[in-house]
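Two complexes follow with chain A in common, the first pairing it with chain B and the second with chain C.
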Partner chain A sequence: MEKILPLSELPTGQWGRVISLNARGMIRYRLLDLGLVPDTTVQAVRRGPLGDPIVYRIRGALIALRREEAGQVLVTPL
Partner chain B sequence: MNQRNGVSCVSGLNTAPPEASTGAAGENCPLEIRDRIVRTIYREAEAIAARAVRRDRPCGSWENKVDDLLTSRLLGFPLMFLLLGAAFWVTLVGANYPSQLLAKALFWGEGRLAELLTWLGAPSWLHGLLVTGVYRTVAWVVAVMLPPMAIFFTVFALLEDLGYLPRVAFNIDPLFKMAGTQGKQALTMSMGFGCNAAGVMACRIIESPRERLIAMLTNVFVPCNGRFPTLIALASIFAGPAAGPFAATLTVAGLVLVGMLITLLASWLLSRTILRGEPATFILELPPLRPPQPVRVLVRSLLDRTLFVLARAVTVAAPAGALIWLLAGTSLEGQSLLARGAGLLDPLGRAMGMDGFILLAFILGLPANEIVLPILLMGYLSTGTLVEVESLAALQNILVGEHGWTWLTALCTMLFSLLHFPCGTTLLVIHRETGGIKWAVLGALIPLAAGCLTCLAVAQGVRALGLL
Partner chain C sequence: MPQATDLRKMFNIQPDPEAALVALAGNPNTGKSTIFNALTGLRQHTGNWPGKTVLQARGTFIFRGHKYILVDLPGTYSLLANSAEEIVARNFLCFARPDATVVVADATCLERNLNLVLQVMEITSRVIVCVNLMDEARRKNIFIDTECLARELGVPVVATAARSGQGVAELKAGIDDLVRGRIVPTPRRLVYDPEIEDALTRVEQQIPGEIKELFNARWLAMRILDNDRSTLDNIRQYLEPAEWGVLRERFKYCPT
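Here is the complex of A and B:
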């Protein structure tokens, strides 16, 4: 059984593989459009100075997501 | 704990188990149609990229280290303030000499224009209207605005080219989140330093209509290029010429910080009153950092921004100069219309730490903030013309020597410059972007109320405490 956790809990520096999206509506579309479709690999790159938005490497691009949005993406650590 | 959260999320979701989603985007996969489309598009794109793209360099070399520094817990915020302060300092120090040079050249031109009109035998009213009304106002605006604008826009464009601005948005997003909006407002705010009308237009990058409106209505709280010269001139005079450009820089930077705090406060108030609504989201791409290209940056900032803003300022300043010359020259019962208006506003102005002429200058400066200081001087000199204020010392003499300005007058004037209705262009842009007169009116009233309250509080507070 793979370990599954929200993207927001992925430790900094670690890679994860997208399992599914929990979001609904506009946010889901926006996350999908970033390329967060199942099987995509994502790296948590760094946290902001105040800890919250976290930068992720998604398909070569650096994307900042808030805890709320990242928490709706489920990943399994690689 | 984390894991349990994650698993409970999965069980609450009506999608296929993880194993199924690793398979082909099969027909029995209960994903929405859009999900399937996006997955297919990405699969196709991946295949194409794998065939066509070769990566020479692994991600994460120097950019990663710089990025770590720019957004670090310890240095992220200090660096941000340092860079902002440095931008102001370079502008303040660098603009001084070219400004004087430009003023000299332009006022030399005035002499030639006057000679030409005399030679042509123009009537004295035309002479006055064209030379002392239109030309002097335009010359003032160009001499005072062009050098700081050219420097500031270039410095700013360098930071933009480096890719720093999205990092700022990223760093301060939590503050905007507390205010009920999002970090992209930091980008539109930065744009507002150049020009609030451009800042309001830049609000298109914010997806949610509610947050876009908040960003538009609060954009005016960062001083635009039309107001910087006023702030810089007053700060240079009253922060003590003895203390040098450093004290003036600190004063201007302090005012900008006040503006940012009020932006947050006003956003917070708006998102809890008239603009309540769906919670904010924040998804921002951080473009790769890259060394700025100086030539491209210089050309772009000079052509696209500096000349554009300057042209706008001049087209507004020219007719405004003529109008003010008429107001100052038209007498009613022995007093010029300008002086009468100032007299009416004087009690209100005094209560707010200023005087009637200053308030009148702000009101008549509605078309463009650049002309507030010129109008004020015209009013003070009540000759209907601008004197040739070539140096700050001459300006200081007029304000302090002849019209009794104190540091409180300067402070309240700077605060009111920071916090009052935006220029006409910005209001028109708000109207156009929102498609309603309502938001344009609010866009004028909210900052005006903030300015009146702040100036009243500061002036009354300082007087009550006997600080002056």
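Here is the complex of A and C:
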């Protein structure tokens, strides 16, 4: 059984693979548009001073997500 | 049925039967403005998109004796979400129906840009992809097989490094070929799961014929299935009241 956790809990420096998105509506579109579709690999690069937002490497670009948004993406650590 | 020229006026585009209308789309930071400047030189006007505080840049250029009006769309990652910029870009592509649309993509992270390319290809088949920043990609040892990309997408692809003017003449030639019908793109169609395709066919059949002529019925069917209220509410201003009435009645749509 693969370990599955929200993207917001992926430790800094670690890579994960997107399993699914829990978000609905506009936020779901937003996340998909940023390239977070199932099977995409993503790395947690660094965290803001209060652990929020978190910077991720997604398909060759660095993108900051709020904890709340990243929490709606489920990943399995690689 | 509103004519295309009337609809174009709604976007501050003065009708000019001599000129072809070309839209410039692309993600932010792809060098879209550099391409715009390289194509139009100093023949530019800026204003706002009607009803929005979003900048509209228009310019003209002449190529092989033909006049082109180029409209710079706001840089967006998508045409589906809801920012003012995305609404402007999407409405222009759907309702002003440009004779050609150039999608500028960043060669250094091409994959991220293909989302918008595919979304534009779902609206119009008159698409040409401009892979820009080729010089920067080369420095990063990224090689782009534009021929393969063109084959996979089914639309023409031109490589440019607009800062140094490289590829700009080829881009103009590509636009001209597209507008004059010397190139007829066959954009790869995204095929969805069978149950979605099934539903799409059924919805598409219910769309009145006059509306099918006005814009892409498959695309509209997708938005209806999506219950994409932003798009549906926006469509209204570009339709005759009777056409809107039929659409609304058939799909039991309650505007927001």
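Convention: the second predicted complex is superposed on the first by the 78 of 78 C-alpha atoms of A that agree within 3 Å, B and C clash if a C-alpha of one lies under 4 Å from a C-alpha of the other, contacts with A are read in each partner's own complex, and residues count from 1 in each chain.
Quick note on the criterion: a contact is a pair of C-beta atoms (placed from the backbone, for glycine too) under 8 Å apart; a residue touches a chain by one contact, two chains touch by 3 or more.
On a predicted model such as this, the values are computed, not experimentally measured, just so you know.
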item: Touched partner set for A:Leu65, first chain B, second chain C, both or neither; value: first
item: Which of chain B and chain C A:Leu34 touches, first, second, both or neither; value: both
item: Residues of chain A touched, compared between chain B and chain C (which is higher); value: B
item: Contacts of A:Asn22 with chain B and chain C, given as first, second, both or neither; value: first
item: Footprint overlap on chain A, where chain B in one structure and chain C in the other make contact; value: 26, 29-30, 33-35, 60-61
item: Residue numbers on chain C that touch chain A, as the complex places them; value: 77-78, 80-82, 108-109, 111-112, 115
item: Of all residues in chain A, those that touch chain C in their complex; value: 26, 29-30, 33-35, 58-61
item: Chain A - residues contacting chain B, complex; value: 2-6, 9, 19-22, 26-27, 29-35, 37-40, 46-53, 55, 57, 60-66, 68-69, 74, 76
item: Chain B residues within the chain A interface of the complex; value: 2-3, 5-7, 9-10, 12-13, 15, 18, 21-22, 34-35, 38-39, 42, 59, 67-68, 71-74, 76-77, 166, 170-171, 173-175, 177, 183, 207, 279, 281-288
